[in-house]
Amino acid sequence: MEDTLFTIHNLWMMIATSMVFIMHLGFASLEAGLTRSKNTVNILFKNTMVPAVGLLMYAIVGFSLMYPGKDFAGAWFGFSGFGVNPPANALTPAYNAGYTYWTDFIFQAMFAATAVTIISGAVAERIKLFTFLIFAVFYAGFCYPVVGMWKWGGGFLQALATPFYDFAGSSIVHSVGGWGALAGAIVLGPRIGKYKKDGVIPIPGHNMPLATTGVFLLWFGWFGFNGGSVLSANPGIVSLVFVTTSIAAAAGAMGAFIASYALFKTNDLTMVLNGILAGLVSITAGADQMSVGSSAIIGFIGGVLAVFAVLALDKLKIDDPVGAIPVHLGCGIWGTLAVGIFGNLAGGAQIMSQLIGIGVIGAFCFAVSFGAFFLLNKTMGLRVSETEEVEGLDINEHGMRSYSDFVVNED
Amino acid sequence: MKKLEIYVRSSKMEDLKKELHDINVNFLIFSDVKAYGKNHDKHYRGQAYVDDVVKKVKLEVVISDDMLEKTIETVMKVARTGDIGDGKIVVQSVERVYRIRTGETDINAL
Amino acid sequence: MEDTLFTIHNLWMMIATSMVFIMHLGFASLEAGLTRSKNTVNILFKNTMVPAVGLLMYAIVGFSLMYPGKDFAGAWFGFSGFGVNPPANALTPAYNAGYTYWTDFIFQAMFAATAVTIISGAVAERIKLFTFLIFAVFYAGFCYPVVGMWKWGGGFLQALATPFYDFAGSSIVHSVGGWGALAGAIVLGPRIGKYKKDGVIPIPGHNMPLATTGVFLLWFGWFGFNGGSVLSANPGIVSLVFVTTSIAAAAGAMGAFIASYALFKTNDLTMVLNGILAGLVSITAGADQMSVGSSAIIGFIGGVLAVFAVLALDKLKIDDPVGAIPVHLGCGIWGTLAVGIFGNLAGGAQIMSQLIGIGVIGAFCFAVSFGAFFLLNKTMGLRVSETEEVEGLDINEHGMRSYSDFVVNED
Amino acid sequence: MEDTLFTIHNLWMMIATSMVFIMHLGFASLEAGLTRSKNTVNILFKNTMVPAVGLLMYAIVGFSLMYPGKDFAGAWFGFSGFGVNPPANALTPAYNAGYTYWTDFIFQAMFAATAVTIISGAVAERIKLFTFLIFAVFYAGFCYPVVGMWKWGGGFLQALATPFYDFAGSSIVHSVGGWGALAGAIVLGPRIGKYKKDGVIPIPGHNMPLATTGVFLLWFGWFGFNGGSVLSANPGIVSLVFVTTSIAAAAGAMGAFIASYALFKTNDLTMVLNGILAGLVSITAGADQMSVGSSAIIGFIGGVLAVFAVLALDKLKIDDPVGAIPVHLGCGIWGTLAVGIFGNLAGGAQIMSQLIGIGVIGAFCFAVSFGAFFLLNKTMGLRVSETEEVEGLDINEHGMRSYSDFVVNED
Amino acid sequence: MKKLEIYVRSSKMEDLKKELHDINVNFLIFSDVKAYGKNHDKHYRGQAYVDDVVKKVKLEVVISDDMLEKTIETVMKVARTGDIGDGKIVVQSVERVYRIRTGETDINAL
Amino acid sequence: MKKLEIYVRSSKMEDLKKELHDINVNFLIFSDVKAYGKNHDKHYRGQAYVDDVVKKVKLEVVISDDMLEKTIETVMKVARTGDIGDGKIVVQSVERVYRIRTGETDINAL
């Protein structure tokens, strides 16, 4: 009986792992679609290497940093040794009622790479390839697992009187990525030509079907991301999570649609796409705690927020080609906060804990990634030369074109 | 002989091709070019911007001198809408034309 | 024991839900690929908004209209109140042996949006965005659930002496969409330039890899669409459904391949793609009732039928850019009828019931959607201006281009 | 109890089937992306027809050839009759503890088409459509199932003292496809313009996002391909397989990245993409027998090997547009051999058995496919005319263009 | 009247357009053309190859005779970088120009 | 000086470029243009239609007067197949050529 349920739960966790994996294709498609064709090979290269690097780093140090074991309960940092070392009970319900040690590792490893991929979009079209890859090694192998340990690994955020709550990672995944994205975009500066004296010059993405494909794949993957975060196939909770996740995504689309039509009198596809992701990120922290109505409100506000955040970044001349910061940082914070406002956990103490979590995670991630980008800038150099940027990274860093048969417009 | 470079709206291409063919203008090459002019407002992620490029079609035609008037008339008739942007015709003289296949020259090459 | 099976069944239903979700990406890709690049943003925008609108409408009224409960058994219409209201037993096998209330809702909600997306393809490249979205609200929120109630909600088609049979929705989903598509295409009229004095001027789709991707994703999703319609993970039935579904799809491809080669002496990829969908739609009504051989025949006939239906529509000057009417209406009817001809249920009484179902559903959907399109045409206007159509909907309704870096041909 | 586990196992096998199915889209995308736009419709057409033809042929003869039953234990060849004929116990654990007869059939059928699709890439851009389709009928219906029978059907490779081991098909699927690809590429000769006096003239693929999408989908599908080859949802083994598969893929990417940078001082996306597939193919034979460390080594070597194999083929003037031979043949052999070198089965006797398997399978497949291509060449003709090749197969064999709105470069 | 065909780096287009507009050159058509020249090395699957095509923009301008010198000067000033590849100007005489919309000719048509 | 506009099959481009370079024709610009002519039948969803556009390459070459004959000969030799569609050469006179980089004019600018 126990074994049978174990088999089911573990099966769901493995399938959820596959679904989270495909989110990497979602990110690659979205980011490639929302940037220019002269940098497409570069973005695809980064987003292909990131899961590879992320998986390997997570195997070498990440998993041990994030889940160092009971000895580090309530701590800020822990480490249980290099490599993956299955305990004796690794494949039995004694390890965990919901999954084997291997499932645990691979499900978690798929998350690690996500945070780095989020950054990839914000620094696109101007960052040096090797510098970025080194940053990816560092962020996936160190920064993400350390933050993850604070809550999911039993660290100090979990040990608060009213524990910080982040169901599937509005903060622990998305805003960890979002803060890195913000730091990267600031250190790098905007793409050439984006901000001129007479205002913002939009740099349109080159492939809308690709961007749309990316968002649908991300929504699909989110069923595994949020649904898998139940850590079992519990029928009631997982199915509720499917509903709240979908409703928030749909409401996010509506929010962005209405906000961008109201503001700009136009139907901007990229805003609606961002709105869906905004809804998804917003619900992620509390997907198992919300009613359908609350999910709709949280998603809708997320969608509206993303639109305003896009405008605000442009005001600040922070250039984020794909909207990673509005979606993952802005809505990551909003979603984390929403756990204290809506749903089963709502209340003052929870809001307090959520604010602590948001603050500590933000301070740590921004400081660490800003520092890392700053150092890399001083040593290896962070940004490609002006000529390379104008001609495109594809031909300069890769010697290839993404669409060699097609006639493309100059610059 | 004359060479005419005719810049017209792309929507007029099909008609122009047929009518020119009818009056026996057979050497007829066309390509896409751009001109500056006010175009649609575009929007992207909350920012509006003006697209100041308008597409035109450039037709290149070589004709004998006695066909000049008729050709001009035909283009004028077919390509005119009366709105700004109907385009221009530029007439230049040609010294020589060769048909590569046969080596024929000038009028015989057209 | 009961709980364990419940967990498994529910798990399958949730995974099937994800697979049906990805069909929306399939439709978006197919429809964008088979139309012109000047309208691509518009199609992607519609097909992104449709699942969002569909999910929200289904939550607000659709689910209650389609499954109003036992009080409305045998009826033509029922409604159990606004919103989603989980009963006390919502998360237990007492609600249903195969799924929780939440799973039930989200699985059904994913279907609702499908019917509308089908229409989107047939009216592409000329319909006004807002008018279409209002139609989508109406069709997903009212027309589809009302028809669904007749059979799946326990209404009058279920109450026939020999109940009308439609396993996964050849009629209830596909021809509901198909009738709306037909009505829309008729009211709108053909795209400018499609039908000239001297014959049909084909308007080729702009992106064949995109269209092909769409069809593969639809086939993939159909495993969830048909397999999930078993409403449990019953090993025998679900696995049979996987086989009949795949064999019909393969035979549909063969049918369209052979028919189009025989007729046109050419290997038309778009016909083979439509043939696969034709096979899939054709088997959907009886996927759990057919042998492998019957599935092959049904699918093959579906594929051939789709080719002839494409020609017939062109004869009638009904312009359907993506072949939605041949595939979803033509094969939807054929598949529904085939349940009376092949398989376990074959027989005169069943044929009679199938014909009743086909007739009533057709009359209702065509009348209602024709009326709606007619009204919208008189009030908001249905079709964009000639200039907008020629220049493309993307630049006019969205102020964007789908492929801004590429040089595209005039017109 | 038994029934419950049966339901779970069968559920996983069905989901794995869907995931293997989507690999066909992966292959279609990869092959289309790595070739020129003038042949895209042709490649999509082939890769759409191949699963259709494969499924039907597997139903008619393949399944009976590959799994002829106990009577043919240890044999070289067996056949249990035309068509699919479910036994009395087809839907119960008595048939198999892990799946129903239908699941068995459809899971295996999805594999069959894979071998043919591999060949499709190597012969792309110059093979006649009908000739290829006839070859596909033959290879999916005869060659693949005969080889499969030797091991998985209980044939002589299974009956060796130390049985040949090939967990999920490094040899039985991938190198079967790879040998056919090699034979085809040799008989056809290189594409016009690829090898000139003064060296190799690269012919760049036309769509890098499409190629990248293909590889991610293949990785995703591989969870089903390898994970499903456990033939049950056994938590420990399936989750281990997920880990070894992913780690090998990641290490393959690293291997190809490092090797191609070391050799060419450039970051070639297509090499990294091939590297991921190389890692996946390499681990496939022993995915359930390896530690994480061994998986990383096997995958890494696979990635490096693929890069060198690409160079070697160009030296030999064997033109393989998509790298099918390096990845599927080269790494298929390497992965099969690796089972004797690393992991639980490592040892001299195993190496011997692996070599026997590799040798016999290679000799048979190469001979049979070379013969078939040779015969087809003499009879129907294998290669399109020079004009057709230069102008593109799309316009000549299909009368269509893949991207009709885009301006493409000459040749 | 003169017709100028001006072949320049694409990066100079925007400036050129503005400056020419400032001196009242209004008939201004441009298109993408290619020239041979050494470009980036490219790599694909282990093989390096040279791309010997460089992109240029071709501007076509028709002006009155008295504008010639000023126009040449402007182009020289704006388009020059001093590195190989700055491009060329080709001057030809034009017999006639028509404005299709109005039928005006020659200087009035510009 | 002369300006030659040479319209040829795209398959002849590579050869033409090399041979012209060999006889020292260095100012060589090319672009894709279209001409009307019968092309492949196309099919789409059961409807056949004729594609009446053929692609050509347009070469623009400016040479000194004394190079004219040799250049014409070379083009004739290289671009001729004898089948319909070999293309044409149009010769016009040029008043002046400038090299933007140096300001050199005429023959020195080529």
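The letters A, B, C, D, E and F name the chains in turn, as written, and every chain counts its residues from 1.
The definition used in the following text is that a contact is a pair of C-beta atoms (placed from the backbone, for glycine too) under 8 Å apart; a residue touches a chain by one contact, two chains touch by 3 or more.
What you are looking at is a predicted structure, and each value in this text was computed from that prediction instead of being measured.
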Target chain F, source chain D, minimum contact steps: 1
Minimum number of chain-to-chain contact steps, chain A to chain F: 2
Option in A-E, A-B or D-E whose residue-number contact pairs overlap D-F by over half: A-E
Type of chain E:chain F copy interface by residue overlap (half), same or different: different
A-B or A-E, whichever has more C-beta pairs in contact: A-B
Computed distance of Cα centres, chain E from chain B, in Å: 18
Geometric centre distance via CA averages, chain C-chain B, whole Å: 47
For chain C paired with chain F, centre-to-centre distance based on mean C-alpha positions, whole Å: 53
Geometric centre distance via CA averages, chain C-chain A, whole Å: 33
Where chain E touches two or more other chains, by residue: 31-32, 42-44, 48, 92-93
Junction residues of chain D - those touching two or more other chains: 1, 4, 8, 11, 15, 204, 207, 213, 266, 268, 270, 398-401, 403, 406-407
Chain pairs that touch, as defined at the top of this document: A-B, A-C, A-D, A-E, B-C, B-E, B-F, C-D, C-F, D-E, D-F, E-F
Of chain B, residues touching chain E in the complex: 2, 5, 7-8, 31-36, 56, 58, 72, 75-76, 79-93
List of chain E residues in touch with chain A within their complex: 10-11, 13, 32, 40-44, 48, 55, 57
Residues of chain D defined as touching chain A within the complex: 1, 4-5, 8, 11-12, 15, 19, 36-38, 204-209, 212-213, 215-217, 219-220, 223-224, 227, 233-236, 238-240, 242-243, 246-247, 249-251, 253-254, 257, 266-270, 272-273, 276, 292-293, 296, 403, 406-409
Contact set on chain E toward chain B in their complex: 3, 17, 21, 27-31, 60, 62, 92-101, 103, 109
Parts of chain B lying in touch with chain A, wherever the complex brings them together: 42-49
